[in-house]
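My structure is below; once you've seen it, I'll send some questions.
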Amino acid sequence: MRTDERKENELRAIHIETDYVKHPEGSVLITVGDTKVICNASIEDRVPPFMRGEGKGWITAEYSMLPRATQSRNIRESSKGKVSGRTMEIQRLIGRALRAVVDLEKVGERTLWIDCDVIQADGGTRTASITGAYVAMVLAFGKLLKDKAIKELPVKDYLAATSVGVLKGKEILDLCYEEDSQAEVDMNVVMTGNGEFVELQGTGEESTYSFDQLHTMLQLANTGMKQLVDIQKEVLGDLNALIDRNRNQSAK
Amino acid sequence: MRTDERKENELRAIHIETDYVKHPEGSVLITVGDTKVICNASIEDRVPPFMRGEGKGWITAEYSMLPRATQSRNIRESSKGKVSGRTMEIQRLIGRALRAVVDLEKVGERTLWIDCDVIQADGGTRTASITGAYVAMVLAFGKLLKDKAIKELPVKDYLAATSVGVLKGKEILDLCYEEDSQAEVDMNVVMTGNGEFVELQGTGEESTYSFDQLHTMLQLANTGMKQLVDIQKEVLGDLNALIDRNRNQSAK
Amino acid sequence: MRTDERKENELRAIHIETDYVKHPEGSVLITVGDTKVICNASIEDRVPPFMRGEGKGWITAEYSMLPRATQSRNIRESSKGKVSGRTMEIQRLIGRALRAVVDLEKVGERTLWIDCDVIQADGGTRTASITGAYVAMVLAFGKLLKDKAIKELPVKDYLAATSVGVLKGKEILDLCYEEDSQAEVDMNVVMTGNGEFVELQGTGEESTYSFDQLHTMLQLANTGMKQLVDIQKEVLGDLNALIDRNRNQSAK
Amino acid sequence: MRTDERKENELRAIHIETDYVKHPEGSVLITVGDTKVICNASIEDRVPPFMRGEGKGWITAEYSMLPRATQSRNIRESSKGKVSGRTMEIQRLIGRALRAVVDLEKVGERTLWIDCDVIQADGGTRTASITGAYVAMVLAFGKLLKDKAIKELPVKDYLAATSVGVLKGKEILDLCYEEDSQAEVDMNVVMTGNGEFVELQGTGEESTYSFDQLHTMLQLANTGMKQLVDIQKEVLGDLNALIDRNRNQSAK
Amino acid sequence: MRTDERKENELRAIHIETDYVKHPEGSVLITVGDTKVICNASIEDRVPPFMRGEGKGWITAEYSMLPRATQSRNIRESSKGKVSGRTMEIQRLIGRALRAVVDLEKVGERTLWIDCDVIQADGGTRTASITGAYVAMVLAFGKLLKDKAIKELPVKDYLAATSVGVLKGKEILDLCYEEDSQAEVDMNVVMTGNGEFVELQGTGEESTYSFDQLHTMLQLANTGMKQLVDIQKEVLGDLNALIDRNRNQSAK
Amino acid sequence: MRTDERKENELRAIHIETDYVKHPEGSVLITVGDTKVICNASIEDRVPPFMRGEGKGWITAEYSMLPRATQSRNIRESSKGKVSGRTMEIQRLIGRALRAVVDLEKVGERTLWIDCDVIQADGGTRTASITGAYVAMVLAFGKLLKDKAIKELPVKDYLAATSVGVLKGKEILDLCYEEDSQAEVDMNVVMTGNGEFVELQGTGEESTYSFDQLHTMLQLANTGMKQLVDIQKEVLGDLNALIDRNRNQSAK
């Protein structure tokens, strides 16, 4: 039995609230159990220097936690004067994951900034960030489309993320903080709506894991992913149909 | 007529939601018009090195805005590697204001950390932060009292803040962003429940102001302050009575 | 009686020495009691990026103390690798105050840099800096005028600053360090030659103050300001007449 | 056919030179094709503050490239004043991987510092670093054992790393720089001598991959790993037997 | 003929004003032609961590220029967030030079901080700093002696510095800024009252120099040094006799 | 007798290996006794902003040590976030020394970057860096010449460096670490093939030195320099003749 009485293959309660902050082009509050992340998407009409003149867009992400999103207060990275290794790893992961399902040529010379700010943390903040950031991104591109700044929605497929792991020898889906801190293996999986892998990061925590354990964890991840994509579809409304059309075209 | 059709002496809609984030000892979401700030209060069982051994407590504040709390995206201070002058000014102001109504001797050797994180900005973020931070602080001290870590609530009076200014020659209360960006004079006022000043910061923006204008602005501030304190009283529930008792004692 | 036997409404001895350093366009050593500040004004023939092409000038200030300007040695901010919150607050204040009496359009696309370096500190370094910086600024603009780089002196009025406060319940003018460190209320006032406010910053130091106390302090400030402006007029010589003409014109 | 005419399942030429630098407790130059990394292991007789008093050891790693290890010169991170996200990710990975095969209790309150400095880069610098760092670490622990500072070799198993990927739809082992920069999928695999996973990081580069492709890549990794461990055994000499004994014991 | 009509072996006008700033234990304003440096000496009753428990003292120096000490304004090192290579070189030089004539054992576990702040620069700021810092240091030790915190003056000899160089093929003493910027060779010489070298730094500026040129420059330096030491003796008053006694003792 | 049984005027074993790293335009591993430094020269087709449009080239150097090049591990400067004073001094010295023998006009608007990375340190790392960097630089310019990017080799003379010092009252050549740490005087000498000085830096380490001692040290340096230049000539092969031709021309 899990600490919160879930089954091994059961996600926590998921909720995605759109238009959470009024200024950004896309804004979402994603709730996964007690983990809450504001995901804002901003469009800037230029790309970083190394990409200028290529006619392509760029997607980049930043991640942060409020100092008291956690049990004990963390020092702000702005006060420390530098961003931690953990934060850098997460923001690189979010950006890379989103770029995998976007046709950057169709974005034009624009940068999409994703800001994931964790308001309350209870495990799985990086996977919740990816799942929420995807929705904020699609909403922002939807706005560009509506404003006729771009001709097509440049999104090739759905994208969501969840964690799986091994706790006391048992494979489980969507670890909360208490589970995560005790798990022998911790794996983050980012997948598309088509069930392809975008990113797989599995770490033995002073421990190791076998191919069979890997296999079981990937099946659990697949189960969770389907539910996450269903929730995304629901909140995306009309944009849903445009993504489906893109998927079908690329499948041909 | 003001841009949002308010009267000169009218505050925007104010709402204070308590227990907003689950981990902090005190947590509040304050809404002032379209300005939204999460104010978290954390208790740490030690004081900064320069105060050790004095048996007194300390209160310190940090302030930040989400990058997209504003119309256009701001670069994170953690990415820049340093905190701006504006941020430093605001966090020094918040800390100083709160300390003015707390009996630090009664706090014991503890630090109260206040974190004000602006989710959405529409003018007056620093005054909203003070008004909300006060509530978060009282809740945190209330928890210490309930846990019997302290004997009395160390809060001597209510404390709230608002802005006043001069726009096109006319004095007004509680400026929204559009008003603030055009005002000739911008003044932040922090007052106690007894109507005493704690902090007064009035700036002519490439402009100046007379003693009469100052006088009118202070009357507007006084009007606003009373309403803010009434809202604070409402959300503080039982702690209300303890603060009133402290006020009466110090008045004697 | 005050520690240095002054009356409540008495300034310390003030002296302003011009042409103190040979390289700057304007250079002043201001002495206020035992507080000594070198104020240098430098003209740069361009403005910061955010103002380019507007045809307007800019004024910005930097403030620093020699490590041993004070009783005990302070670590240099260059060694710490960052500028403190206090320093930022002061340099923002100096720049803002000067800009209030300058017609930036008439400056052209130039930046005036003010450097206030405290050689010896005994309270009131920020107000001494503003009073001295004003003179250095006028001298630098006077040089531009003499060199025919500008057509008119872009200075609309005199500008000086002093501190007032409440010490043991009594309102006093121009606090020295010893008084400042014990005062219940500390207020910095920046005013024009016409007696208008440019900036008012009044802080209760773990204390509060009433409207009546505010009123008394502002009267003291007014008294001091007149003497400061008289001293400025004396050292500015011929430029005096040009400022007076500008004041009269704007009064019409 | 691959650019350097290797077969899909063929590693580049590997060489590990021990005692490369004279000062460190363990020092290795690892050569993987044209990639050359100096791996130095240093023992320090204390642990970081967060671990003091627990009687356990700690392993941490730092990674750097000479500015001209690559085709075009990179700016030094010491000149930039900060460590990049890529560097942080790699050094966190190296430390975590090594800790997975070490019994930290048996190390005592000591820190093992691993420094991986890339002299020449041609792809796979992070996996070469792990493979070389493992040898440097075992040599350093071997020295502690010889000096009787510890009673047993605290190493539970062999550990090596290699990369696999998908290039033009084909799975391949041990990518050189040219292959890596064109690959659709890039995966780093860290495994033990027993064939268990320690870390798996697979990234679609603006692309995705299926479960079948994952499976094929993991088989290639397994093939490479066996050869790497054989080379490690050769250079470790007598320490070989001690590691084997530890493996057998933990297998029981 | 030199730009300021001096002879080749002629120093500029030198003046040393003592007790320039009131707080430091030793304070001097040294003027060398148009170069002006405030040298403050502060005593701290502890040494840096790496020296604790050895019973010895330490001497360290910091050097800075006001932004407008020079023809055009320099950015403050505190704003840049780091100290330049030039500044570091100079402060290391000043500290090393002073330590060469001090018996650190006799200082006890104290740190002497020297702060050299250049108010106005016209060449030779580092050598003026050393010559002035020596006087400030002796005054500070004199104060310790008077307060009976130490038993003997820990200063073994006089110490002064000057520059020599080659300009248009001719060797000259004490270069002003204009000469320095055109010289082929620039050499800083730090010597004791006994005519021994403490530091010699001679640099060909995109040029080289022969042994004969070196010889001529060192003779010029020797001439200048004698005059500098005479001026130091004058301002040191009674402390003069104590230094002479120490010189005679060490000569035995 | 010296610790390693050398005579007073005897260099340690010197070896210069060319083409050490494959990417740089010039690459050398220089070995001086147990000191080993990789010197890489990179050509960049532009100059720093302050030199643009002058048609001249620039030479700049960076210096670093691997953390474990020394007996005990040093913290990386990239981790500290800043470069130490010692490092800055050394890299400024290397750049200045190389520029003294190069005709920057003939380099064109290019920057030559020299990277000296100390792999193993046993005293004299800065002088070994200069001697090795000279060879790497000539090789890089030789490559430019071969590629017809420049018309002549812009190198006017040979350049090498060594250390001399006074240990227990005796002058010696080329100090190893053990000698260096005990020496009373430490002097670094950079000379051309023609026996002219480029840089002389002699420091009394809490000690002083006479003119006679200086003289003896310079003779030792001269002896060492000749052997160093002979080794450089050997490894430079054909480029040797071009440098000799330039020397003869400038001698006329």
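Which chain is which? They are A, B, C, D, E and F, in the order written, and residues in each are numbered from 1.
The rule is short, and it goes like this: a contact is a pair of C-beta atoms (placed from the backbone, for glycine too) under 8 Å apart; a residue touches a chain by one contact, two chains touch by 3 or more.
If you're wondering where the values come from, they're calculated on a predicted model, not measured in any experiment.
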Return the chains common to the contact lists of subunit A and subunit B. none
Chain located farthest away, centre of subunit D as origin (C-alpha): C
Taking each chain's centre as the mean of its CA atoms, which one is farthest from the centre of subunit F? B
Whole-Å distance, subunit B centre to subunit E centre, using C-alpha means? 52
For subunit C paired with subunit E, centre-to-centre distance based on mean C-alpha positions, whole Å: 35
Note: subunit B residues in touch with at least two other chains are 81-83
Starting from subunit C and stepping next to subunit E, give every chain of the ring in the order they occur. C, E, F, D, A, B
Taking the touch rule as given, give the residues of subunit F at its contact with subunit E in the complex, in rising order. 82, 84-86, 88-89, 91-92, 96, 99-100, 104, 187, 192, 194, 196-204, 206-211, 214, 218
For the complex, which residues does subunit C have touching subunit E? 21-24, 27, 34, 38, 40, 42, 44, 62, 64, 66-71, 73, 76-83, 87, 113, 115, 117, 119-120
